[in-house]
Amino acid sequence: MTGVLSGVAPMAVPPGAYLVVGTLLFAIGLAGALLKRNALSIFLSIELMMNAVNLLFLTYARMRGDMAGQMIVFFVIAIAAAEASIGLAIFVALFRARRTVDVDKIALLKW
Amino acid sequence: MSGFLHVTGADFAAVAPEMVLCLAATLILLLDAFARPLRSYLPYVALASLAIANLAGRDVTGTFFSGAVEVSGFTRYMELVALGAVALAILGGAAALERDKRDQGEFYALLLFAAAGVILMVRGGDLLVVFIGLELMSLCLYVLAAWYRDNPAATEAGMKYFLMGALASAFLLYGVATIYGRLGTTSFAKIQGLASTPGLVAFDTMLAAGILAVVAGLAFKIALVPFHGWAPDVYQGMTTPAVAFLSTAPKAGAVLVLARVLHALFPAGLGDPWRPLLAILAVLSILFGNIVALSQRDLKRMLAYSGIAQMGYVTIALATFTTDALEGAGVFLAGYLVTNAAAFLAVAALSSGENEPKLLSELAGLGRRKPLAAAVLTLSMLSLTGLPPTVGFIGKLLVFRAAVEGGLVPLTIVGVFGSLVSVGYYLRVVYHLWMKEPAREVSLVPDDVLSGAAFLLTAALMLLWGVFPRALIDVARQAAGALLGR
Amino acid sequence: MPALSGELVVFTIASVLAIGFALAMVVQKTPVRSVLSLVVTFMGLAIFSIQLAAPFIAVLQVFVYAGAILVLFLFVIMLLNLSQEATDEDTRPVQRWLGLVAALGLGGLLSGAALRAPLPQGAAPARTPLGDEIPAIGRLLFSDYLLAFEALSFLLLVAAVGALLLSKKRFE
Amino acid sequence: MNQLWLIPVLPLAGFLLNGLVALLFASARAEAERDADQPKARLPYAQRLFHGVVGVGSVGLACVLSFAALVPYVLESLKSHEGLAPVVQHVYTWMAAGDYSVDVAFRLDALSALMLSFVTFVGTLIHVYSVGYMQDEEGFGRFFAYLNLFMFAMLTLVLADNLPLLFVGWEGVGLCSYLLIGYYYDKDFAVAAGKKAFIANRVGDLGMVLGIFGIFALFGTADFSFVELAKRAALAPGSHISVYAVCLLLFLGACGKSAQVPLYVWLPDAMAGPTPVSALIHAATMVTAGVYLVARCSAVFVLAPDALTLVAWIGAGTAIFAATIGLAQNDIKKVLAYSTVSQLGYMFLACGVGAFSAGMFHVFTHAFFKACLFLGSGSVIMSMHHEQDMRKMGGLASRIPHTFRTMLVATIAIAGIAPLAGFFSKDMILGSAAASGHWGLFAVGLFTAFLTAFYMFRLVSMTFWSAPRGDHHAHEHAHESPATMTVPLWILAGLSVVAGLVGVPAALGGSDRIGRFLEASVARPEMHEMSHAAEIGLMALSLAVAAAGIGLALSWYRKASGPVEAVSPQADAFFAKTGALGRIVANKWNVDEGIEALVLSPFRKIGTFLWRGFDALFIDGIANASAFLVELAGDLMRFFTTGHVRNYALAFSLGALVFVLYVWVR
Amino acid sequence: MNYQPLGADLLTTLVFLPSLGALVLALAPGESKAAAKVVGIATSLLTFAVSVVMFRSFDAAAPGIAGFAIDRPWIPRFGVRYQLGVDGLAVALILLTTVLTVSVLLVACGQKIDRFKGYVAAFLVLETGMLGSLVALDVLLFYVFWEVMLIPMYFIIGIWGGKRRIYATMKFFLFTMAGSLLMFIAILYAAGVHSRATGLQSFSLVDWTRAASSGAWGLAPGVEALLFGAFALAFLVKVPLWPLHTWLPDAHVEAPTGGSVILAGVLLKLGTYGLLRFAWPLFPHAAARYGPFIAVLALIGIVYGAWVAAAQKDMKKLVAYSSVSHLALVVLGIVAGTGAALSGAIFQMIGHGLTTGLLFLLVGVLYERRHTREMADYGGIAARVPVTTALFLIATLGSVGLPGLNGFIGEFLILGGVFQVNIAWAAIAATGMVLGAIYLLTLVQKVFWGPETVAANRGLTDINGWELAGAFPLIVLIVLLGVFPRPLLNLVDGSVKALQKPAATATVTAVEAAR
C-alpha cells in the first residue's frame, strides 16, 4: 500500500546523513537503555530509540517520495504514547510495591 | 492509489474474529463496570465470544483491506491456537482469581484483546499491521504480568517484561524501517514479489542488519537464547493462568510471523547466513534451556526454561524451513499449547495461592490429594519429554523427521541430547507428585468445574493427538502449504 | 545554491543539538534533567521532519512526544519524587563497558552500513507549498490504513484500561 | 521285548511320590513348630513304612525289570560269537534344532547290560540297608526321594543311547550326590561338601559338553552309532576339531565324575553324606560312570593313542597318589574314600593301556566289595554311635561279628587275594599293562596294590582287632546292626567272593567270559598276547606284593595297643623317619589348602574388585559423572539469568551485535 | 486366519485388552483392593486366554511374520502404519509375557502393597507396552510401544520400590532412553534413505527388510554401520550387554517383586528380540562385520556377570548379575547365527524368563516376610519354609542349566551352535556353566542350608496360596520345557530359518502372501 508523496524537490542534504544521524540516535538510546539504572530513564532512552527509527522512516519515505513511511511514523508515535502510559503505570505500581524504581535494586526474581 | 473509504463488507467479514474479540472485551469491561451482579457470568461470556470468533473465522481466505490482512489456512491455524490458549487461560484462571480476590473482568477482557492482537499479528499482510497487532498483544501482556500489582514479584515481572518488550519493539521497528528503506514497501506480498525475481533485491549489509533486527525482535517474543532473559522472571512473577496464555499463543504467533517474514524474504528457501543463524539459535536454546531447567527448584521458572528449550525444537523446524518442517512446527506448537497450558493450569490448581512460591517440593504427595490435577501435570510432563503416546512425541517426531530429511542430522542429535537432559527435570516433577511424602500440609483450593473441564480437555487432547494424530497433522499441513503457497 | 546551503546549515545545527542532548540525556545524573534534555533532541527531530517534507509528523512530534509523553514522564517523576532517588549513574562496571561496546558497536556498524548502502532516489516532482500532504494522510487513514487505524483505537483503549487498572490502589 | 524306559521311570515315580509326601509332611511340621526349636524326631512308623515301601519297591521293581531284560540278552550274546546287536528303543525326539537332533532313546548292549546288572542290584541292596540305617532320621522320606532320584538318573546314564541323554543322567547323578552329600542340610560342612562335589563335577561337565559337540562335529551324530563309525575311523569330512582334543574333553568329564587327579578333591569330602550314600554313589555306581564313558567312547580314544596314554598315566598317578593318602587317614570312611579314588585310578589305567574290558571288569567287581566295605563301615559307625575315628575303635570283632566277617571278606577281595573278585580284575589290569609294554605303569600299579593291601588291613586291624581304645562305655554298648543291614552285607560279601569268576583268564583255565562279552561294545586294540607262563608269573608277583602289604599292616596294627593318639608305635616310628614327606602325606598333600590359596580366594577377590571397582567406580562413575557435570553446568549457567533487567538488555544487544557480525562475515 | 474374539482383530485385542483393564481401574472410584484384585486377575487371565487362542491357531509352518497380519494406515502422511503381525518368536514371547503378568498379579494379591490399584494398573499398562512392541511390524510403531514400556516401569520402581528407588528408576529410565533416542534418529534417517531409494514412503519392517535383502536400499557401508550401531546400542542397553549393564542390578534390587519379575522376564528379552527382529535382518552386512565385536563383549559379559554375581551379598543383586551373564550367552548365540544357536538363543530367552522370573518371585516371597535381601539375614531356613526351599531349588537348578529343566536346552543348543562357528567362543562361554553353579549354589547354601543362625527367621511363614498360585505355572513350564522342548522349538523354527536366510527374505514373501 502506498501513497505517493505529492511533489517534493530533490534532497539538498544527502539522505545518508539523515540515516547516520538516526542510527547514531538509535545507538545513543540503546546506550542509555543499557547504562541507566532508573526504570524511567531506561524507558526514556527506548523512546529515543523509537524516535530515531522514526527519523529513518521519514528519510526513506523522503528518498522514495512515498507516503507510507510517514503513515508508519504516525502509527508508531501513537503506539509509543500508549506504551508510555502503560509503562509509567507499571512503574507507579512498582514503586508502590517496592518503594523504588532503581532496576539494580529490583532483582527478587532471579537465577 | 485507493480512493476514500472503499472497503467492502467482505473486508470486515474477514476481520470478524478480531472484531468479535475486541467488542466482546469491551462488553466485558462494561459489564464489569456497570453490571456487578453479572460478574460471575463473565468467564462464560468470554468463552462464548471465543466460540463466536472461531465460527466467524471459518472458511474465509484471500487478502483484504487492500492487502492489510491476508487470511489463509495458515492464519486460520493461528486463530485456533490463540483462541484455544485464551480459552484454557480463562478456564483455569477463574478459580485462581476467585481464590486470590482479584478483579476478573479486565483479566478476561485483556486476554481477549491479546488474542485479537495475536491473530491480527499473524494475519497482517503488512509489517505495520503486524507491528500493531504485536503491540496490542504486548500491552495486554504487560498489564497481565503486573496483574497482582500489590505483589512485589508481579510488579517486578511487569517492569522487566515491559522494558525488555519495549527494547525489542524498538529493534523490530528498526528492522521494519530498514526493510522499508531498502525495498520500498512493508507489504509481504510486494516484498515476496521483489524477492522472488532474482537479482532485484541486493541482500547487502544494511538489509541483512534490518532482517536480523526483525528476527531479534521476534526471537524475543519466542524467548530464544540470547533474547530469552525475561522469560523465567516473568513466568515466575506473572499470575499463573496468564502464563498459560503467555507461554503459548504469543510464542506461536511470533514463530508463525517469523516464518512469514522469512518466506517473504527468501521465497526460494533459506540461504547461507540465515539457516545456520537459526540453527545456532536452536542449539543455544535447546542446550541452555534444558540444562538450566535442570537446576531449577521453582516450578514456573523450570517451565520457563523448558519453554525456551521447546522453542529451540521449533526453531529446528524453522531452520529446516521445508513444508514438512513447518507442518512439524505447526503440530509441535499445537501440542505445546495444550501441554504447556495444561501444565501451568495444573500448577495453579496445585498451589495454595498466587503469591506463594511454586516450589517443586510443594508438590510432594499431591498425587493422592488432587489426583486429577496431578495426573494432568504428569501427563504434560511426559508429553513435554516427548514420550509416546502423547502429542509431544508426535511433534518431535515430525520436526526431527523433517530435519533429518532436510539434512540437519546434527541438529536432531543435539535435540535428542536435550530431550535426555530434560528427562531429568520433567520426571523430577512426577517424582515429587507421586513418590514423595509431603513435608508439610499445603492448603489447596477446592476443585472447580471450569478448571476441571480444562484438565479433562487438555488431557484428552494430549492423548488423542498422540494416538490419532492424523487430523492435527492434516490441518497443520494445510497451514504450512498455505504459507508456502504449495 | 544558498537555499541548499541553508538547508544544510539547519540540518547540521539540528543534528548537533539532537545528538548532543541525546548524549546529555544519557549522562545526566537525575531523571528530570534527562527528560528535559530529551525535549531538545525531539525538537531537533521535529526539524528533521520538516526538512524531510513531513511537517505533519513534525507537529505530532512536538505535540505528542515533547508535549504529552515527556510531560507525563515529568508528572510521574514528581509523583514518585524520584529527584531524591539515588543518582542514576551506573555502578556495574561490566554492564557499563559491555553496554558501551554493544551500543557503539551497533551504532558504528549500522551507520557504516547506512553510509555504504546504495540508496534509491525516488521520483521528485516540482516543489509545492508545505502542508499538502495532510489531506493525503487523512485519505490514507480512512482507506488503506483503515484497519490499522481501527486496531490502533483498540490499542489505545487497552492502554487506557491498563493504565487505570495498574494505578488503582485497591482490588475489587 | 519289555520296555527299557520303564526301568529308569519307576524310580522317578518313586521319587515324585516320596518327594511330594515328604514335602507335605515337612511343611505341616514347619507350620506346627513355628517359633520353636525343631527336635530331630524319628518319623511315625506309618510314614517310614510308606517311604520304605515306595523307595525300595520302585528300585526293586526296576531291578527285576532290568534283569528280566538283560539276562536273556547276556545269555544270547554269550552264545553268539561276535556278540548281539544292541537293543535300541526310541521313546520320543527330545530336541531338534539346526544340525542337532537328540532322541530320548534307550540302549541295551553289553556295556549297559553289565552296568545295569550291578547298578540295579547293588542299588536295591543299599535301599534295603538304608531302611535300617536311616530309621532314626526325620528326613527319612527326603532321603529315599533323593535316593530314588539318583537311581533314575544313574539308570538313564547307563541306558542312554546317545551322549546328550547320557549327559542328562550324568548331571542328574551329580545333582543327587549334591543333595545326598548335603543331606544333613543344617551341617555347614555337609552342605559345603555337597557344593564342592557339584562344582568339581561341573568343571568336568564343561569338558564333557564340549566333548559331545566334538563328537557331533566328528561323526555328525551323538548317538552311540558313532562308535561303529569310529571303529571304521569314518570321520565326518572337514570337522574343525581333532579327535585328540575331543578325547581330552570327554576325559575331562570322566575325571570330574570319577574323581581323578586333579578333580578328585570332592570325593573324600563327599563322605559327609550318610554312609549308604557313600556306598551307593561314591563307591559302587556313580563314580564309575567316568570309566563307563571312556569305555563307551573307547573306539574314539583308540583313534588318538596319545590321549589313551594320558588317560593311563592320569589313572596310574591317581591310583598311587590316593593310596599314599589312604595310608595315613584315621577316619574309617576317609580311608575307604581314598581307596575308592585309587581303585578308580586303576580302572583308568586299564582303559589307558587299551584294556577297556579289564577296566569295566574292575568296575564290576569293585562295585561289590567296595559297597560291602562302606556298608560295613556304616554298620561299625552306627554301632559306635556315629564315631568314625578308627583310633577310638578297636576290638570290635567280637561285638559285631557279622559286620566283621563281611568286611574282612571284602577287604581280602580288594587286597587282591585269589580267588576273590578283586584278584581277577586287578590282575587283568596289571597283566594288560604289562602286555602293552608300559612297564612304568605296571610298576606303579604293582606298588599301589601293595599300598592298598596295607591300608585296608590297617583299617580292619584298627577297627576290629587291636586293643579297644577310646570311650570304654561306647565299646561296651556297641551292638550288631539289624537284619535289614546285615543281610545286604552278607549278600555283597558273597558276591565279592564270586564276582571275579566271570573273568577267569585263560591262563587259569578260564575263558575270560566278560572280555568276550564286552567285545561287542568296546574297542580292543591289538596287543601282543603274553604267554600263560608269563601271566602266571605276574599273578604270583602281585599276590606276593599284596601279601607283603597285609603282613606289614598286621605286624604293625594287629596287636596294636597304643593310646588313641599313637595307636601303633612302629607305624609312628616309620612315619617319623619319612619326615616332611610323611607329614605332607598325612595332610593329604595339602591339596585343598593349595586350591583355596591359588584358585578360590583370588576368584573371590577379583570378583569383589570387578563389582566394587569396575562396575561401581568405573562404569557408574562415568554415568554419574556425566549426569553430575550436566547438573553442574546448569547450576553455573543459571546465573546468567542474574535477575537484573539491564543484564538481559545487555545480552539482547550483544546477541544482536554478534549476530550482525556473523551475518556479515558469512 | 484372523479371529476376532472381542470384536477387534486378534492382535489388537491382545495388545489393548490390558490397558482396557487399566482404564477401568483408573476410572473406578475408591481404593477397594478386592475390586482391583478381581479386575487385575480377570484382565490378565483374559489376555492370557487370548494369547493362547492365538497360539493354538498360529500356523508355525507359515514362514515369516505373517501371523494374523493387520495393516492399516496410522500416519499416512509419511507412511507410518498400524501394522501388526507375529511369527513363532513373537508368539513365544507373547505367551511368556501373558503368563508372567498373571503370575505377578497373583503374587501381588498375596502380599501387602499400598496403592494396590495403581500397582495393578501399572502392570496392565506395562503389559500393553510389551505386547505391542512384540507384535508391531512398523518400526515407528514398535518404537512407540518400546517407549511406552518405560513409563509404567518407571512408576513401578519409583513408587513401590526400595530405599534407593529414585536413583534406580532414573538410572533405568536414562540408560534405556539414551539408547533408544539414537535409534529414533536412526529410524528416521533409514526411512528417509528408504523412501529416496525405493520411492516408497514406509516405516514397515516388511518393506525395509525387502529393501535390505534385495539391496534396493543401497546403504553405504559407513551409513549402514552407523544405523546398525544405533539400533544395536538401543537393544544392547536393554539386554543389557556388558559394559552397559550397570542399570540392571540397581533397577532389580530396588524394584518391587513384580517389577523385578517382569523386568528380568520380559523387558530384557525385548532387547534380544529387537536384535533378532531389527538389527540383524535390516543391516545384515554391518551385522556380519561387527558381530564378532559384539560376540567378544558377550563373552566378557558371560564371565564378568557370573564372576561379579559370585561376589554378591544381596540376593536380588546376585540374580540380577546372573541375568547379565545369561543374556550375554543369548547375545552370543544370536551373533553365532547358526540354526542351533538361534533356536537355543530364543529358547533361552523364554527359559531365562521363567527361571529368573521365578527366582525373583521367590526372593520377593522372602523379602515380603523379612524385608531384607541380605543373604546374611537368612541361613538355615529350609526347615521353616520347605515348600519355598523346594521351589527355589528347582528354579536355581533350572537357571544352572540342569538337564531335564528348561535352562539346559537353551544353553546346550547355544553352546552347540556357537561351537560350530568358533570353538574358542564355545569354550569360554561354557565356563558360564561352572561359574553359574558356583554362585547359584552359594545363594541356596547361604539362604536355605546351614544351621539356623538368625532368630528372626524362626517366625518365618512359608509361601502362601496366592504366591504359590503365581509360582506354580512357572514351575510347571520350567519342567515341561525341559522334558518336552519340541513344541517351543517347532514354534520358533520358522523364525530361525528366516533369520538364517540371508537378510530374512522369508519375512517379505510371507507378508506379501498375507496381504
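Observations on the model:
For clarity, chains are labelled A, B, C, D and E in written order, and residue numbers in each chain start from 1.
The criterion applied here is as follows: a residue touches a chain if its C-beta (ideal position, glycine included) is under 8 Å from a C-beta of that chain, and two chains touch if they have at least 3 such contacts.
Every value quoted in this text rests on a predicted model; they were computed, and no experiment measured them.
Contact with chain A and chain B alike is made by C, D. Among the chains present, the centre nearest to the common Cα mean is that of E. More C-beta pairs touch across one of B-C and D-E than the other; that pair is D-E. Taking each chain's centre as the average of its CA atoms, chain D and chain E sit 38 Å apart. Computed from the mean C-alpha positions, the centre of chain B lies at a distance of 79 Å from the centre of chain D. Note on chain placement: the centre of chain B and the centre of chain E lie 43 Å apart, centres being C-alpha means. Put simply, the C-alpha centre of chain A and that of chain C have 5 angstrom between them.
Across the assembly, chain C contributes 92, 95, 99, 102-103, 106, 109-110, 114, 119-120, 139, 144-145, 148, 152, 155, 158-159, 162, 165-166 as residues in contact with two or more other chains. Among the residues of chain D, those in touch with two or more other chains are 627, 638, 641, 643-647, 649-650, 653-654, 656, 660, 664.
The set of chain E residues touching two or more other chains comprises 174.
Chain pairs that touch one another: A-B, A-C, A-D, B-C, B-D, B-E, C-D, D-E. Residues of chain B that touch chain A in their complex: 1-2, 66-68, 126, 128, 131-132, 135, 139, 142-143, 146, 149-160, 162-163, 166-167, 169-170, 173-174, 176-178, 180-181, 184-187, 232-233, 236-237. Remark: chain C residues 1, 3-4, 7-8, 11, 15, 18-19, 22-23, 25-26, 31, 34-35, 38, 41-42, 45, 48-49, 51-54, 56-57, 60-61, 64-65, 68-69, 72-73, 76-77, 79-80, 82, 85-86, 88-92, 95-96, 99-100, 102-104, 106-108, 110-111, 114-115, 119-128, 132-133, 136-137, 139-141, 144-145, 148, 152, 155-156, 158-160, 162-167, 169 touch chain A in the complex. Those residues of chain B that touch chain C in the complex are listed here as 2-7, 11, 15, 18, 22, 26, 29, 65-66, 68-69, 101-103, 106, 109-110, 113, 116, 120, 126, 128-129, 132-133, 135-136, 139-140, 142-143, 146, 149-150, 158, 181-182, 184, 202, 204-207, 209.
Interface of chain A with chain D (complex): residues 30, 33-34, 37, 42, 103-104, 106-111. Residues of chain A that touch chain B in their complex: 1-4, 19, 26, 29, 33, 39, 42-43, 46, 49-50, 53, 56-57, 59-60, 63-64, 66, 68-69, 71-72, 75-76, 79, 82-83, 86-87, 90-91, 93-94, 96-98, 101, 103, 106-110.
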